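Both complexes shown next keep chain A, but they swap its partner, so chain B is in the first and chain C is in the second.
Right after this comes the complex of A and B.
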C-alpha cells in the first residue's frame, strides 16, 4: 500500500516542490541578500519600512483592504440571506449570475469602470450635462476607483461564503425567534448573524486577502499614481529593475496575507462537533 | 418599510453592482466615436472588426487557449492521483500534502509569478511557452485536487467494493468504475481550471516574453497605447463567452459549490 501511495502522490509532489516551493524559498533568500556582494542583509526591509513612499503604500493597501471588506459585508449580508432562502432551482440561476464576475476576463471586467469613471465617461458626462461640474473630474487613479473595482470582483466570494453558511440554518430557528416576539431586524441580528458567523469570517478573510493581493484592478484603476503593494511590486520589478526591492515587497505581501489567515484561524472559536 | 422589502432591495443593489458594469461595456462597444465615451454616440460594428483584424489579439488568443488546455490537463494528470490517495488512504503526512496542494491559492499570484521568473532565469532555460505552462499548471493544482476530492468523497464506497469483490484490481476499478462515476467532478475541475488559466494575469505578466503573450496581457498592453472601444468590443465577446460557459457549467455540474 505504501508503494501505491508513493506512486500516486510523488510525481505531483516533486512538481510542486521544484516549480513552486523552491522558487518561493529562493525569493525569500533573495530578499535578504545584498544584490552586489551577495551577503546577508536586512537593508531591503529597512528601506521598505523606513521610506515614506512605501510606508504610505503599505498603509493604504491595508486601509483599502479593510474598507472593501466592510463594504462587502454590508452589501452581501442581506442579499445572501435572500439567496439562501430561494428555492433550489431559482437559486442555481441566481448564484450563477453572482459568480459571473469571478469567471470573467479580469481586464474586461475592470474596463467597465474606465467607461464609467473616465474623463468622457458616464459619471463625468452626467455631471457635466446637469451643470454640477464645469470640467471633467479625475475619477480614475483614485482610491475610490480601486474600491469600486475590487468590491465588484470580491463581492461574489463574500456572498458564496455567507450563502453556504446560511443554508445550514434551519427555518424553525427563525420561526421560534419570531413566535417568541422578536421582530425581523432582531431575528436577523441575534439569530441569523451569529449562526452564520463562520461564513462571515471565511468571507471576510477571502475578501481582505483578495484586496491586498489583487493585481489587475489596481493596475488599471490605480495606475502609477495610486500605488498599492501589488503595483509597487510590478514597478520595482519591471520598471525600476530593482530586483531585491521587488522580492521584499513580495515577502511583505505574502507574510501579511498569511498572518491575517493565521490570526483569523486562531481567533475563531473551534467549530462544534454537532451541527 | 417591511424588512422583506429591505432584503429584496439589497439583492437588487448587489446585482446592479455586479452586472451593471457589463451592460455598460456592451453598450460602449457599439459606439461610433473613436475615443471611448459614455453614453455612446452613433452605432458601429467597426470595433468588433478591429478585434479580429488585430494580429496580437488573434495570436495571443491561440496562446491562451493552448496554454489553458494543456495546463488544465497536466494539473489533472498530476492532481487526480493525489485526490485519490487523499480520499482512499489514511497515510502519515496526508494533512501536509493537502495543505501543500492548496498553497498556490493562498500565495498571491504576483508573488508566484515573480518567484518563478527569478528561478527560471537562473536555473531553467525554458522557452517562454514552457515557462508559462509550468506556472499555470502549478496554480491549477488546488482546483484539480480539491474539486476531484469532493467528487470522490461523494461517491458511494459500496460501488467500488462491489467491483473489487467481483475480482477487479484497484487500477481496473478506478478506470472502469470510479472514473466514469466522477466525470461531473472532473468536468467541473476542468472548466474551473481552464477559466482560471485563461483569465490569469499576475503569473503570466512575469512569464510572458517577446512574441509570446496571453490574451489578457495583450489587452493590457493595447490599453496602454489606445483608448478606443476595441477593448470594449473584445470584452463583450469574452463576457458573453463566460456567461454561456458559466450557465452551462452551473446547470450541468453545480459549479458554484466548487468555487
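Right after this comes the complex of A and C.
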C-alpha cells in the first residue's frame, strides 16, 4: 500500500521539484549573489528595503492586497450564502456564471475596464455630459482601478471557497438557531460565519496571494504610475535589465505570500467541522 | 395551547401538501402525529415552527396568532431528528444559545443551563463539543437546549429515529417524564406506532396531508375508524360484508354464507350498509369444530415465531393470518374453523 502511494505521487512530486522548486532555488541563490563578482551579498535586499520607491511599492502592494481581500469578503459572504442555499440544480447553473470571469481572457477582461474607466471611457463620458465635471478625470492608473480590476478577477475564488464551505452547513442547524430566537442576521453571524471559517481562510488566502502576485491587471490598470511588486519586477527585469534587483523583488513577493499564508493558518479558528 | 385552524400548505402552487387541517393540542398535553412517510408530519411541524409558508388558515399558540410571525418570535422549542446541535459551540454554549438570544444575564444563564443539563442527566459534560458525545447524549443536549427557554410549545420531529432500539425505548420514557414534569404543551412526530401509543396523551393519525383519526392511544389502537387507521395500527385481516341487523350495542354482519355478531360499530351503521370487518391476527381463534361466530377455513401454513405460532388460512372470505400463543393446541394443514369474538371485530362503512 505504502509503496503504491509513493509510486503514484512520485511523478507529480518530481515534476514540481524540477520545474518549480529548482528554479526557485536558483532564483533565491541569485538574489544573494553579486552580479559582477558572484560573491554572497545582501546588497540587493539592502537596496530594495532602503529605497523609498520600492518601500512605497511594497507597502502599496500589501495595502492593496489587504483592501481587496476585505472587499471580497464583504461582497462574497452574502452572495455565497444565497448561492449555497439554492436548490442543487439552480446552484450548479449559478456557479458556472460565477466562474465565467475566470474563463475569459485576462487581457480582454482588463481592457473592458479601460473602456469603462478610460479618459474617454463610459464613466467620464457620462460625468462630462451631465456637467458634473469640466474635464475628464483620471480614473485609470490609480489604486482604485487596480482594486476594481482585481476584485472582479478574484471574487469568484472567494465565492467558490465560501459556497463549498457553506454547502456543508446543515439547514437544520440554522433553523435551530432561528427557533431559539436568533433573527436572520444573528444566525448568520453566530452560526453561518463560524461554520464557514474554513472557506473564509481558504478564500482569503487565495485572494490575497492572487492580488499581490497578479500581473496583467496591475500592468494595464496601474501602468508605470501605480507600480505593484509584480509590475516592479517586470520593470526591473525587462526594462532596467537589473537581474539581481528583479530576483530580489521576486523573492520578497514569494516570501510575503508564504508568510501571510502561514499567519492566516495560525490565526484560523480551531477546526470546526464535525463529522 | 396550540390551535391549528383550516391550515393549507403548498410547496408547489395549487398542489396542497396539507389541506383543511385542524388540530388542537391542549395546555400540557403531548399529542403525536403518526403516519406513513410523506404524509405531511414534518410539514405540519415546520408550519407551526414558521419555516414553511402557509397558503391559508391560522396557527395560534397560547392565544397568540403566529401565522405571520417569524420563527424566532414564536417562542417554540424545536428538536430535530438530526439533533442540529451547533458543532462549533460547547454543550453549555449550545444550551445557553436560546437564553443568550433572550438576553438572560450571564449568571442566570449558567444556572439554568446547569439545571437543564441535570434534567437530562448530562451533568459534567458541559465543556464538551457535540462531536465528543454519543448519539443519545447529543439527543439529550438537543432536548435540554429546547426546554431551557421554557417555550410555550415543544415540537419534536422523530427525535429518536437515529438511536438504536434499546436506547430509543429509554429515551422515549425520559422524554415523556420530562414533558410531564415541565407540563409543556408538546407536538411529537413519529412514524412508529408503538412509540406514539406509549408516549402520547392523544394520537393523531395522518394520511396524505389530512387527519384520519384523532384519539387516545387506546381508542386508536382498539377502535380505528377508517380502513387506513386499521391497517396502520396492525389490523392485518379484513373482509367485506353487509349489515343485516342493528341492535343497541350489537351488530349483525352477513359475509358470504356466514353471519357474524360484532359488538362495536364506528360511525352510524344501518341495516343494508356495505361494511369492512377488521380483526387482529392475535385476537382470532382456531377451533376443530364449528362454534358461534365462526367460519370454516383451510389451514395452509404454520410457522413458528418464538412466543407465537402463525397460521395462514384460506376461507370463502379471503386469506387471513392468525397468531396463537405458542402453548396452545397446534393445527395441521387442513380444514378447521376460524372463530371470531364479537368484541374483536371492528366494523366500518365501506
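Just so it is clear, the second predicted complex is superposed on the first by the 253 of 275 C-alpha atoms of A that agree within 3 Å, B and C clash if a C-alpha of one lies under 4 Å from a C-alpha of the other, contacts with A are read in each partner's own complex, and residues count from 1 in each chain.
By our rule, a residue touches a chain if its C-beta (ideal position, glycine included) is under 8 Å from a C-beta of that chain, and two chains touch if they have at least 3 such contacts.
Everything numeric here is computed off the predicted structure, so don't read it as measured data.
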{"item": "Partner chain in contact with A:180 - chain B first, chain C second, else both or neither", "value": "second"}
{"item": "Partner chain in contact with A:53 - chain B first, chain C second, else both or neither", "value": "neither"}
{"item": "Which superposed partner A:261 touches (first chain B, second chain C, both, neither)", "value": "first"}
{"item": "Partner chain(s) touched by A:24 [first = chain B, second = chain C, both, neither]", "value": "first"}
{"item": "Touching partner for A:233 - first (chain B), second (chain C), both, neither", "value": "first"}
{"item": "Chain A residues touched - chain C or chain B, whichever exceeds", "value": "B"}
{"item": "First, second, both or neither for A:224, with chain B first and chain C second", "value": "neither"}
{"item": "First (chain B), second (chain C), both or neither touched by A:114", "value": "first"}
{"item": "Shared contact residues on chain A - chain B and chain C", "value": "183"}
{"item": "Touching residues (chain side chain A, partner chain B) in the complex", "value": "1-2, 4-5, 7-9, 11-13, 15-16, 19-24, 26-27, 30, 75-79, 81-83, 92-93, 95-109, 111-116, 118, 120-122, 125, 151-152, 155-156, 159-160, 164, 183-185, 188, 209, 213, 215-216, 219-220, 230, 233-234, 237, 243, 246-247, 250, 253-254, 257-258, 261"}
{"item": "Chain C residues touching chain A - in the complex, by the definition given at the top", "value": "49-51, 70-78, 80, 82, 84-88, 97-98, 101-102, 130-131, 145, 149"}
{"item": "Contacting residues of chain A [partner chain C, same complex]", "value": "170, 172-173, 175-183, 186, 191, 194-195, 269, 272-275"}
{"item": "Complex interface listing, chain B residues touching chain A", "value": "2-4, 6-8, 10-11, 13-15, 17-19, 21-22, 24-25, 28, 35-39, 78-79, 81-82, 84-85, 89, 91, 97, 100-101, 103-104, 106-112, 114-116, 118-119, 122, 134-135, 137-138, 141, 170, 195, 198-199, 201-202, 205-206, 215-216, 219-220, 223, 231-232, 234-236, 238-239, 242-243, 245-247, 250-251, 254-257, 259"}
